[in-house]
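Take a look at these structures.
One chain, subunit A, appears in both complexes that follow, with subunit B as partner in the first and subunit C in the second.
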Partner chain A sequence: MNIKRIATLAGAAAALALASGCSSGGEAEAPAASIDPQTFTDSLFAVMSSDRAVYTQKVVNRLQNDEKVIKASEHFEDDKALPLPAQMFRFGSEMVSEKTDKFSYQLLSLWPINKQNAPKTDVEKKGLEFISANPGQNFYADEELGGKKYFTAVYADKAVAPACVTCHNGHKDTPKKDFKIGDTMGGVVIRVPVS
Partner chain B sequence: MAGKRKTVWLWAFWGAFTLILLALSAVTMAYGGPRQLFLIGRTSDAHHQIEMACSACHTSWFGGREAIETGCLSCHEEDLKNSKDNHPAKKFSDPRNADRLAKLDATKCLTCHVEHQPEVTQPMAVTLPGDFCVACHAEVGEDRETHKGLTFDTCAGAGCHNFHDNRALYEDFLEKHVGEPAIRKVAKIALIDWHAMEADMPRPEPATLPDAPASIQADAHVMTDWLGTAHANAGVNCSGCHQPQGAGAGNAASWIAKPGMAQCATCHSGEVKGFTQGKHGMRLAADMWTSKAGLFGLIKDEALGPMRPELARLPMKQKAHGTELTCTTCHQAHDFNRQKAKVEACATCHNDEHTKAYFASPHFKLWQAELAGKAPEGTGVTCATCHMPRLLERGDDGIERVLIAHNQNDNLRPNEKMARAVCMDCHGLGFTLDALADRALINRNFKGRSSVHVKGIDWVERRMRQRGETP
Partner chain C sequence: MKNFRACLIMAAALALPACGEAPKPEAEQENKAPEGGPLEGYVTVDRLPMPNDPHLVEGREVWAGTCQACHGLGEAGSPKITDKAAWAPRIAQGIETLHEHALQGFIGPEGTMMPERGGNLALSDQQIFAAVDFMVANSR
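Our next item is the complex of A and B:
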């Protein structure tokens, strides 16, 4: 592996703990060993995608679609509803950004409801197209943004429950109305700054 | 030789003079003095009252812009959070926004709001050209048919969008309120009938006998005034306000003759907090000092002190000059007449068009009807109804209570903030937004109809019909 792509990620273990919700905010001890960026982002994605699937399936889909107890809404406070799974993910991403700059992540799509979530950089575009055309594969690349270098990984974000497809297909701002369960609806883009 | 000596003396004099000037400047900045000399331009309407408390914004000598940002957030962070800020800094920290931040650094308050720049300062203390939205939203015309051809200086100016607070302006909210009538069938303050859960509320015994020390001689009306208040009814005796906590009721030594804001805050912390965040009380907020004790006692501590009407930039009545604004300025002492505080107290000082026009407005007629008992409580509209609205707030004890907002500037920044908290209790959203967008109508205190129409709600309705939905 190219030595430049090996980021010495001080606090990587702490960051993983952060993503899994294990951290209580205290200072974590520095890890004894380094971790390569791809292993780091793969691990982060494992946590993110699992948490996301749990919220979508066990909370939103169960309570909204199956048991019809409460709805999920973009305006969850006004509507006294559950946050949408995409919001849950974004809120986490924003909170992480306030805690660490060792990685960042976004949920993007080639068919975004909010146009601000469309791919912007070349790597985002290539990555989202790659994971859509190659199910089961991830996309990795180096990119430079604002004068800083990043290892960027793009992972498929799939429809894991009926709530995903019914909401997206029926939304007034959706550019695509024929999603099916199991489809790649977008991608999780994780960036790690590398020196 | 003599010329050379003269030159040396001149240099020495110049050096000494410079050092003395630098020392005096440093002392003025650090401790106090003629600080107005350092004002590099007229301060904005928002901050002019506290401009002599330099450290309120310039939180550190060598902290640069970051130190000023800290100052901004120390006063405005909570408000931004409560506003469901659409553009919080955390939204822009992702590296994918690097190109956007290079054009417009939306993570910093100072990108859009620079103080002491009167030539370029616009409403909401914005110092950027009004079309700044284009930096990130240039393609909106391609996404929204309704937005094609619109210029970017109309985003906020047309009553459609705000940078921070869009709680009354977002599309789904407009959808919910399409086609509402100008005046609702039941037009009254929504929270007027709200009461905390009976079981949650502490129920102290009413106070009937004053517990002031025997040496305190009060005017005859004081007892009558106090017995008629909610204070007496809730068991708040003389000692509740006139004694420090824990001092005991009959202690003449610790008796506070004129209780101030700190005593009120013992029970009304939410109201006092709001008061010190608005233009009535911001000079009384913590750390608003204009002079700090130092230099071996040569300089004494001096706070900004309470606001006085003659310091305001809005027109104020001459006879009110010199009045110091504290809790009792509007509420008086002992009788705490809430009716007076809702209109009379305001009109004692304020002398602008909007205030004067109130007494010929439909809102005032409603208030008169309520006062006369001809209309139910909550149907009258006072100054306080709109500028100091009732809000629900959960206290540290977990009990949700009605809080009277005492930051009367909060829902004017910008004025669409007033729509949900106040106007929509009685009016439809479309009517409300039109009224709030018409400056002349505001000056007439809403007498007549708006000559401005905010088109956003029409566009939302059109989109609904295009989707086959019935508004």
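Our next item is the complex of A and C:
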């Protein structure tokens, strides 16, 4: 190997070292990722509602209504039955609230069987009224609670199965006894803290 | 002369089938689904043409009161009114099958559920069939 070639190789190696040194010595900061709150809540709702639909269709409808091998019941432990889809939804919401404070979600209603599931804030109430009056539309609002700012979305929850209306209409604690299939019975409220 | 006669016979032969063709039932000529896909958003009856056939007019009223809440949006996997693509395989099963599904209730192959009588037990069989016919007329 002659001097010229050694020099060329050394030069290339030095250039390489410089380049890698420049890039590694002060890590380039990843661009801040951002997602707008409405896209965030719409995406969360897409997952929640799909999971519930899968449970309703592939588990409850199939096994209870088609194969008739098990029932779904509010008192699923006593009855050795499947939880109702609305209960499955609530269990998920409770579990999420234990895992993260980046968002929360609840199933609320203007006519709840359990008073804990009534709207508590003006935005929740307005949102539930809006989705009842405007089928096919979601409700979005900014909210301030306890000095903190939130983005709050409300999505309609409809009676799609006879079990929804018969149970609610016949329940001893229901404030409304004339639900029918297709009615908006309540809403999914997703709340995201925003800076 | 021979050729002319042959032409006449051929013309008559061609014309005859047209004479013999039964006129399409009025229901089939009304309320075709819009071209270019289903209507956007919540489809309520006021967004659809008023039918002339009294049977479909009755169906329209029943549909608005019982079926629109789900089928106007495609809720819970239900086929949305005016959605030709969703309705084509269902229509292909025959109108009697669709009538029966609406009457008795039906669980689809993916587990989606059509409630018996659309969840409205007060409707007569005739009213249910009319609502189905109205929906089909607007979806093909």
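The definition used in the following text is that the second predicted complex is superposed on the first by the 153 of 195 C-alpha atoms of A that agree within 3 Å, B and C clash if a C-alpha of one lies under 4 Å from a C-alpha of the other, contacts with A are read in each partner's own complex, and residues count from 1 in each chain.
The definition used in the following text is that contacts are C-beta pairs under 8 Å (C-beta built on N, C-alpha and C of every residue); 3 or more make two chains touch, one makes a residue touch a chain.
No experiment lies behind these values; they were computed from the predicted model shown.
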Practice problem: Check the residue A:Glu94 against both partner chains and state whether it touches subunit B (first), subunit C (second), both, or neither. | Solution: first
Practice problem: May I ask you to decide whether A:Gln106 touches subunit B, subunit C, both, or neither, giving the answer as first, second, both or neither? | Solution: first
Exercise. Examine A:Asn138 and indicate which partner it touches, taking first as subunit B and second as subunit C; both and neither are also allowed.
Key: neither
Quiz item: Of the two partner chains, subunit B (first) and subunit C (second), which one does A:Lys115 touch, if any: first, second, both, or neither?
Solution: first
Practice problem: Pick one for A:Thr41: touches subunit B only (first), subunit C only (second), both, or neither. | Solution: neither
Quiz prompt | Residue numbers on subunit C that touch subunit A, as the complex places them | solution = 41-42, 66-70, 72-73, 75-77, 107, 110-113, 115-116, 118-120
Exercise. Please name which positions on subunit B make contact with subunit A in the complex.
Key: 84, 88, 90-91, 93-96, 98-99, 101-102, 139, 143, 170, 172-173, 463, 467
Quiz item: Which part of subunit A faces subunit C closely enough to touch in the complex?
Solution: 53, 56-58, 61-62, 65-66, 135-137, 158-162, 165, 180-183
Quiz prompt | For the subunit A and subunit B complex, residues of the former touching the latter | solution = 74-75, 77-78, 93-95, 97-98, 101, 104, 106, 115, 120-121, 124, 145-148, 150, 172, 189, 191, 193
